[in-house]
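Here the structure comes first, spelled out in structure tokens, and everything after it is commentary.
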Amino acid sequence: MVEGVSYTADEMMTVTAARHLRDGQVCFVGIGLPSEAANLARLTHAPNVVLIYESGTIGTTPDVLPLSIGDGELAETADMVVSVPEVFSYWLQAGRIDVGFLSAAQIDRFGNLNTTVIGRYDQPDVRLPGAGGAPEIASSAREVIVMLRHRRRAFVPEVDFVTSVGFGRRGEGRGGHRGAGPTVVITDLGVLQPDPQTHMLRLVAIHPGVDVEQARAETGWELEVADDLGVTEPPTSEELAVLRDLKARTEAAHSA
Amino acid sequence: MVEGVSYTADEMMTVTAARHLRDGQVCFVGIGLPSEAANLARLTHAPNVVLIYESGTIGTTPDVLPLSIGDGELAETADMVVSVPEVFSYWLQAGRIDVGFLSAAQIDRFGNLNTTVIGRYDQPDVRLPGAGGAPEIASSAREVIVMLRHRRRAFVPEVDFVTSVGFGRRGEGRGGHRGAGPTVVITDLGVLQPDPQTHMLRLVAIHPGVDVEQARAETGWELEVADDLGVTEPPTSEELAVLRDLKARTEAAHSA
Amino acid sequence: MAEFTTLREAVADLVPDGVSVAMEGFTHLIPFAAGHEVIRQEKKDLTLIRMTPDVIYDQLIGMGCARKLVFSWGGNPGVGSLHRFRDAVENGYPRPLELEEHSHAGMATRYAAGASGLPFGILRGYKGSDLVQHTTVAQIECPFTGEEVAAVPALNPDVTIIHAQQADRSGNVGLWGITGVQREAALAATTVIVTVEEIVDELDRNGPNHVMLPHWTVTAIAPVPGGSHPSYSLGYSKRDNRFYTEWDRISRDPDLFRRWVEAYILDQEDFGGYLRMVQDSAALEEVLGG
Amino acid sequence: MAEFTTLREAVADLVPDGVSVAMEGFTHLIPFAAGHEVIRQEKKDLTLIRMTPDVIYDQLIGMGCARKLVFSWGGNPGVGSLHRFRDAVENGYPRPLELEEHSHAGMATRYAAGASGLPFGILRGYKGSDLVQHTTVAQIECPFTGEEVAAVPALNPDVTIIHAQQADRSGNVGLWGITGVQREAALAATTVIVTVEEIVDELDRNGPNHVMLPHWTVTAIAPVPGGSHPSYSLGYSKRDNRFYTEWDRISRDPDLFRRWVEAYILDQEDFGGYLRMVQDSAALEEVLGG
């Protein structure tokens, strides 16, 4: 879209998330967009980023993206593979994770995440997969990067169920958790961060070509916008090339 | 001593202990006499006995006796080697051990064992090595075989320090522990077992050529003797041959 | 103590109706063959336990074998929902499904406590999550620092079933690659059934992360080559990603699902029959179209 | 994050007086070279931590480096007493030694809690043992069953020092054979120093029970071939059983002990000098006789 390089909103989201990782950081990664972003970082500016998947693969360097959290590729390219109890106790809970990635079906203005149910727990409208590793990633990782597509049904004033805590139902803060919680929420429209005082998520950057009103319209609460609202740098041609290469390799490998 | 086969009192003790193991039992073994006895059992009537040493070696089949609890031989001949935390949690504490062997500097009439201090804890006359794995072997193994030489200074009315509990200071019983405790005490003079009612150790068998008075004299409390006092079968020539072979191999290996 | 047997006999003898069963596997080494056998033998009222109930649990739940599910993440990995699981929870179809829901960290702690012979395990977790109001978790205080941590009850399945790469002739079981929580699930259980790709003279222990269950911790071993399909067995088979994608379509419609289970499981003698059928991609359209 | 350095620099920079230090090793891979370096640099007021303090801790205690010992079994394995340890406890010589004493199971639980970031760990243990009156242990109740279990405080050494077979050029550390509690001790510590037999291009991970510490969990790595003598490094060296027997004689007499430490440790530039000296069996008689 810019300078003749065309890219999709998902690519913008992935590239933005990748840029948030610094070289050498230890990342707890889930499947899907987080895995794409973390591996893009590893293949571009952060070659020494350490990727941990909850299946127990530590320091893994997959050549193609995993389709599941336990693909053989993850084990075969890992520095070490540990048991699932160990990955949660000696590695996540011990505070060894710099950055945890999370997604959700719903997020509220205080960064609380719902992956459990839409509707009432006992009689759900939609039963979602559940907690998985998320509650303890949310509490134990030094910081959490949330990635999800910016849609009004996902950005709700109050989540139906707090699976993983951000800053609490009333924005009361981190309640003694060791990690800093969701320091950034990256969407396909822009970037949100919690206000240091109120803990309420506000728009701090929009992606090129996106209108602030669009972000407001897709947010279920009255979205605050930072005074110094930034505009994300569009993906470089290198970022795009590496990402597309990775996805093409992945596609080829998984359809084989 | 009998039928022209001569043997030592220690050999009699080891052979007696070995006979107490049944094929297929899972044994938690310490260094020294227990290790001798357990391996003798494995090399004679109990080829499928499973030996576990607290260094984490599970199903080990050493060709020579280990000098330390962590000899390389133990790891190299083991079915598996696990970490020390795991050997105590997933294996001993979980109740997977049929028989635990223990020794001690002192034992009292209720089978309580002291490996901590002679004298007062804060100002000991003799500081002993300490607990090691013994307290939890004493509580978690299905039964405990105690092996120690029968001397008045070791067989005391009350131990100076209960490192590992037998039937309690006043013989009150097992206090909710899962294992049955010391079901047999094997010495170089004979065999003692707790009275089912009083939990007091009494002499149930003497070794050939040993006088009951000798056992009484070497016991620091008034030793009860079973009405049907048995006499241990002397070592067979096969038992002796296998034991001496094992010890000769061991000596040769360790002095090399 | 491990007995060599067939999967049919193992399930018939060792998995009575009403017991709690963990069929564990973290994407890798999922015991699909065992799950099919449970369906084929029409087991009822099971409490199914698993951190990551996936397609095989979707099949069991869809066929009404389960009364209750103990779990921490129920989805089709990399694809989306488990539709039979959702139907049971959202609509009570084909029967209501009681849930006992935890986080992964909580489930892993529960299994580890079970394997350790402890009544409970502790972790930093659950705090601030609404899970607290809907599951069995307690806060306890550190007697030394006063800090609060979460306590969760030990998990000791009546039966744990896993799939492994190898067993040797003594019945020692070897598995490697992503080993998940299988060792804890097995050591926590009263009865342990293991299906294996292969029986070998000596376990292949070259390479890191080899995990063993000694023969005396295993109840029954049944060789079922390919027994983890559509999951995989590192060194033996690849994950059938296409199957997972197709499952979304098969499971969405209760009638299609039923037809699929009849053709691929109930009408088959054993897992070998299923494996022959999934080779034939035309068969699927015929079954679902019919 | 692992820095390659010399053992001298690592001890000088990372082991200040007064810290708590765990030099772990369960008979195998005992970091003797590191212990000698601590003696050579005359470190003071250390809290020494170890499940099985053996000859190297006897040397440290005998030289007055330690203020306190946290342990579960203090003996010369397969031989008998640690005489310098006994002298410190029984007679306060050369200085009093405070004891914090546990069982093996308790110490293992404490390290595992430390490695897990928990304030305490739980186990079935201590009940009925007089240890309860002399150490830090509490009874806590299972919130689900009411059963009582023991709680012990987490153990988080300021510094853990271990000896391993290999490190690769990125600083990943590999060890195998009997691995004891080293992984937990390292993961529980603030600072981790590892001496290794060899630096290799790629870790040799063939064979079971290979354990790794990734480079980003290690502070400093120093190559010290033979650095575990008289303990051993599986695949590199054999246990020097004769040394352990001789130690009984050396350590029994404070003067012999002092002469031995001067000749074998203080007068040597580094562990290489010690290793050359122990090769020469005549040297010992000369030192002890002199």
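In this document, chain identifiers A, B, C and D correspond to the written order of the chains, with residue numbering beginning at 1 in each.
Rule of thumb we're sticking to: a contact is a pair of C-beta atoms (placed from the backbone, for glycine too) under 8 Å apart; a residue touches a chain by one contact, two chains touch by 3 or more.
If you're wondering where the values come from, they're calculated on a predicted model, not measured in any experiment.
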>> By that same contact rule, can you tell me which chains touch subunit A and subunit B alike?
In response: C, D
> If you tally the C-beta contacts for A-C and for A-D, which one comes out higher?
Replying inline: A-C
>> Between subunit A and subunit C, what distance separates the C-alpha centroids? Give it in angstrom.
In response: 28
> Distance-wise, how many Å sit between the C-alpha centres of subunit C and subunit D, to the nearest whole number?
Replying inline: 42
> Residue numbers in subunit B touching 2 or more other chains?
Replying inline: 80, 89, 93, 140, 178
> Taking each residue of subunit D in turn, which ones touch at least two of the other chains?
Replying inline: 112, 117-118, 123-124, 183-184, 208-209, 212
> Think of each chain as a node with edges to the chains it touches; is that a line, ring, star, complete or other?
Replying inline: other
> Quick one: which chain pairs are touching?
Replying inline: A-C, A-D, B-C, B-D, C-D
>> Looking at the complex, which residues from subunit A come into contact with subunit D?
In response: 24, 26, 50, 58-59, 79-80, 89-90, 93-96, 140, 178
>> List the residues on subunit C that touch subunit A in their complex, please.
In response: 26-28, 51-52, 71-75, 77-78, 81-82, 85-86, 89-90, 101-105, 108-109, 111-112, 123-131, 134, 177-181, 183-184, 208-209, 211, 232, 234, 238-239, 241-242, 244
> Which of the residues in subunit B come into contact with subunit D in the complex?
Replying inline: 31-32, 54-57, 66-72, 74-76, 80-85, 88-89, 92-93, 116, 121, 124-127, 129-136, 139-140, 161-165, 168, 175-178, 254-255
>> Which residues of subunit D touch subunit A once you look at their complex with the stated criterion?
In response: 1, 112, 115-118, 172, 183-184, 187, 212, 214, 216-217
> What does subunit C use to touch subunit D in their complex?
Replying inline: 117-124, 136, 138, 140, 142-145, 147, 149, 151, 153, 205-210, 212
